[in-house]
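Structure first, commentary second.
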Amino acid sequence: MATPVILVDPLPRTLEQIMAPSVRARLERLGRLVISEARPMNDDEIEALLPHAVAIIGQTAMSAERLERAPRLKAIINVETNFLPNIDYAACQARGIWVLTPASAFAAPVAEATLGLALDLARGISAADRAFRAGTETYGLEANLDTIRFEGAPVGIIGFGDLGRKFRELIRPFRNEVRVYDPWLPAETIERLDCRQTDLDELLERSRFVVVFAAPTTENAHFIGAPQFARMQKGSAFLLMSRAAVVDFPAMIAAACSGHIRVATDVFPVEPVPADDPMRTTPNMVFSAHRTGGTRDALFEIGSMAVADLELILKDLSPQLCRRADPSIAGRLRSQPVSRT
Amino acid sequence: MATPVILVDPLPRTLEQIMAPSVRARLERLGRLVISEARPMNDDEIEALLPHAVAIIGQTAMSAERLERAPRLKAIINVETNFLPNIDYAACQARGIWVLTPASAFAAPVAEATLGLALDLARGISAADRAFRAGTETYGLEANLDTIRFEGAPVGIIGFGDLGRKFRELIRPFRNEVRVYDPWLPAETIERLDCRQTDLDELLERSRFVVVFAAPTTENAHFIGAPQFARMQKGSAFLLMSRAAVVDFPAMIAAACSGHIRVATDVFPVEPVPADDPMRTTPNMVFSAHRTGGTRDALFEIGSMAVADLELILKDLSPQLCRRADPSIAGRLRSQPVSRT
Amino acid sequence: MATPVILVDPLPRTLEQIMAPSVRARLERLGRLVISEARPMNDDEIEALLPHAVAIIGQTAMSAERLERAPRLKAIINVETNFLPNIDYAACQARGIWVLTPASAFAAPVAEATLGLALDLARGISAADRAFRAGTETYGLEANLDTIRFEGAPVGIIGFGDLGRKFRELIRPFRNEVRVYDPWLPAETIERLDCRQTDLDELLERSRFVVVFAAPTTENAHFIGAPQFARMQKGSAFLLMSRAAVVDFPAMIAAACSGHIRVATDVFPVEPVPADDPMRTTPNMVFSAHRTGGTRDALFEIGSMAVADLELILKDLSPQLCRRADPSIAGRLRSQPVSRT
Amino acid sequence: MATPVILVDPLPRTLEQIMAPSVRARLERLGRLVISEARPMNDDEIEALLPHAVAIIGQTAMSAERLERAPRLKAIINVETNFLPNIDYAACQARGIWVLTPASAFAAPVAEATLGLALDLARGISAADRAFRAGTETYGLEANLDTIRFEGAPVGIIGFGDLGRKFRELIRPFRNEVRVYDPWLPAETIERLDCRQTDLDELLERSRFVVVFAAPTTENAHFIGAPQFARMQKGSAFLLMSRAAVVDFPAMIAAACSGHIRVATDVFPVEPVPADDPMRTTPNMVFSAHRTGGTRDALFEIGSMAVADLELILKDLSPQLCRRADPSIAGRLRSQPVSRT
């Protein structure tokens, strides 16, 4: 049989970006790599490779027809960490082709930055630095009038996938009571990590820190808006870490402006944010320009997870690290191509 | 026998500041309180109370002569959290009078803020917020060129008392390799908390985050200066959390200015910092105006630790929460009266 | 459309055994239950139900033909916690029918008992009790000549599925160096739980406690025998927690008899063990009659995991708690019907 | 000044027993050792050494008069891990002489064995082994009729010193609700370790596992007797790990005999237990012949703690590892010379 081919079509990423040399070497031991990085792989090339392809690493469109022309194909691994609508998931399922994505690669850096932002909102770190630079700082007790201690404060997590669970692990020493709202999960999954399953309203009303990790779906656009912010306790903190689409963004800005809550956000409805957007001067906010996930180690993690799972699959073992594209879930996620992270 | 008297002389603190009502009620059950909060208790009043005093809560001067005139005295609890030179420690020791201070009351808020500052230096949180407000932000990967992941980075802790140990507990989920330099401790104490005892040079050379909690003593003034900063890896982070006196402050500012290291400091040689001090514009720094410890809960912790230990002492049990003024240590600490925290 | 039917065919278990009343009530809200507990459901009944069945809870044989006659079927949940060969896994895969088993239900009680057995081998608990009852006990230091401290001892785990990982969590406070051998897993999965991936020989040579959780497969019969026991350090402990078939059982008994190692086993080649089997008097062993998993709470866990996942599946969400029958794995496991646990 | 002398009078221990060679080498660097191991040091020798002694490692009687003749003495370290009445504690206090004992050396091995015994009572490990050896074993579910899962069961700890706290750390992964009764401690100390302070009755009534680590004092002889056992829930477990004197031993045996509770004990009113003592056949019990603490590593820990603290003291620093003989406590403990552990 011809040498197995691994079709590498990783844009907007590049192999160099997502694989340390040692990981790439492992990949090369699995088959002949055919790589298209300057542009998406063109259709002729794809067609020529399909008969020999055992795996696709990238975002190549794979209709049912193409799948039929790829009899040896065992795995498609999206390295953008999305599930795109350009794959026939049911046909993959029927064929036993693994469709995977190393989605949790960003969990660690995002969770770490989330804790940094939460502590900033709690203890006023960036505001105090700004005041010091402006010569308007206060000292000691007087400087702590708005301080909330993060330790022991009730925390609410909205969306309890990889990011939420990693964040939960990071805050264990702070002994918070943690509530979780995630309609895709059973109570057991939540309670095993020492959290309480609640509905959204209770979470908003009881938590001093509310963190949103929920991925945007066909069902949850703008599900947190003015009425939800109104439920939060005065002076509480709200952190938006997933996608702008899940909140009513102007309502969030207004809630910070009024002093009702303090807010940190890593995402924005339009990125880059227009230069003259008035939100840039909002008080009680910490801004992060979609930068909590895009660290070098996270990108390398994408590559090492992909290769490790591919090694298993080519030995007829089950993948262990990447997320599987369960058809129901893949259809629900409102994935967009990623431009930056 | 006359009602036992508890002499309360807490300036610069006040009872209201350091005791929640329920804690004050517990204190009142232990004896008759005589309180001087508007000014330090005057000598005549002190002399009149000495024969009946079972405890002093405050910073009253207690010479050997006064101690002789206080035959029922069992405890002196400093609520400034210093050991001042106005007490005859040896005479207290000989009499079995407990001299205590609830020094660890500040450990939790300082450790929490230290982690916030460390994550800020690691992930560029306040700098990114400042850039966003100035309209000069970058996004995604481009915004992370200087990012260090705190998770997994080698950490060095200088001074491993209550603050250092609490910080060590908070960072456990980050799985750092932690080195400790503390010449007052045996290796066993350090290793039990899963840290490695090292000398100062190794700590500086190997750590990506160096945190100073060392209290100023008669022996350690300016022990971290230009040669020590030079040993640190380029781009590493230095956090000064204890007192300005232990470092060569101008050398620290210079090391940040040059871009050799990034720095966060909560303390300054002169506080308030002069309005025109040029350090206010130093890049690669996060400034905190001596505000990491002075939270409401920390002050209440002072009161509840003091009362809990006094309850034990008056039952002839050993105190469990406050630090004891071991004569050797009390003489070494360069305590100053606290004005703000 | 007709009321959805849930076919319940749980032998050798019964619904009462695996579901607390509150869990059963949740199940009844999902569809009309048709239950056969006195005997396996007969073919006629099965055929009559297939058109309406949305789920099967039990071990019913499901050929491709039967699957075709069950157009509404979404899930088959084996409550014996095996994957039996009486299901056409590929056909289920093609149809998107979830084939699941709550395999991890036994992880907690088995892991707990494993630690109990390990501490027994380490500290000689049952042997000392036996000696005391016989009047031959020794005291203090003299009684500890063979003691190994479990704390800090190197541990090796063979098979790192649910059982092995739960055991790993239980022993965290003991600060062991933990090696793992599991050929189905990538290094990443092992390292995330602070263990080291090793080959079998290194694990046997370096560990003072070797614990076998490996499920029997088509590939691993008797893979631990006399040569493997010989590699272990004298006086080390070997615990067999999965199935007798993975070891050379007589060689294991011989290794305990000779005093080379100490052994605990929960499983036997034939159960019940014949009354006159000479192994019953083996020294340096602790015997457990296939009883570490079969606790009431474990059985209830089977039911609550099954129902929680079924609730999700019937909402078109992904199951979260049960193990999925990946075709490759299901074919490899040498499952046998369970009679007792 | 003459070479400092360290008087070593360690019976019933020997230096070899308590110090690894590397630790002994560290001790020898601190002064000239004068050792009496064959018998207690005789008075003449002691008198001759007093003028030069800087430290005593052992149980030498030290009256006020002797202390006066030892002007250079800085530390007395009892290596039996008792505070004996043969020292004038007040005089030591007045002189600032540290009186110490490495009491926590036994905490780790005792806590480990306590968990082993608790799991044995929970899961019936030694009873099942005994049944198997007798050919009367049952299998699977039938063998678990009396099983209690330790995980999640309420635990009560009586006496929360080094042993109790170490045990508390070991059981963290089991997520028990932990109650503590210790009249010498404030609530804060207990709550910091995530336990609840309760009175004795509540602890006995609510806990499924009751563990006694309380040291015998002048106040607590036989404080747990028939009325206390009667408060315990049927089938609960009672573990006696400290000294027989704190319980009504016959009442404890009776409570096991009747089947009301299950019991493990490491201590007995008379040791060795008489050969014909009828308790030897008590059901529902696990017997340990005063052997949980006396491990080689615990004895070495005594030596290394003593030497590490002496190193600090001779540098005028405070000891960090050994327990201090607070006069009030030393007078309350009913210490007896130790013969075996």
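As written, the chains take the letters A, B, C and D, and residue 1 is the first residue of each chain.
One rule holds in what follows: contacts are C-beta pairs under 8 Å (C-beta built on N, C-alpha and C of every residue); 3 or more make two chains touch, one makes a residue touch a chain.
Since the structure is predicted, the reported quantities are computational estimates derived from the model, not experimental observations.
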Among B-D, C-D or A-C, the pair whose interface repeats that of A-B, with over half of its contact pairs matching by residue number, is C-D
Taking each chain's centre as the mean of its CA atoms, chain B sits from chain C at a distance in Å of 51
Chain centres from averaged Cα atoms put chain A and chain C apart, in whole Å, by 34
Contacts with two or more other chains occur in chain C at residues none
Among line, ring, star, complete and other, the chain touch graph is ring
Which chains touch? The pairs are A-B, A-C, B-D, C-D
In the complex, the residues of chain A that touch chain C are 90, 93-96, 184-189, 304-305, 308-309, 311-312, 316-318, 320-321, 326-329
Residue set of chain A touching chain B in the complex reads 108-109, 112-113, 115-117, 119-120, 122-126, 128-133, 135, 137-144, 147, 149-151, 169-174, 271-273, 275, 280-281, 286-292, 294-297, 299, 339-341
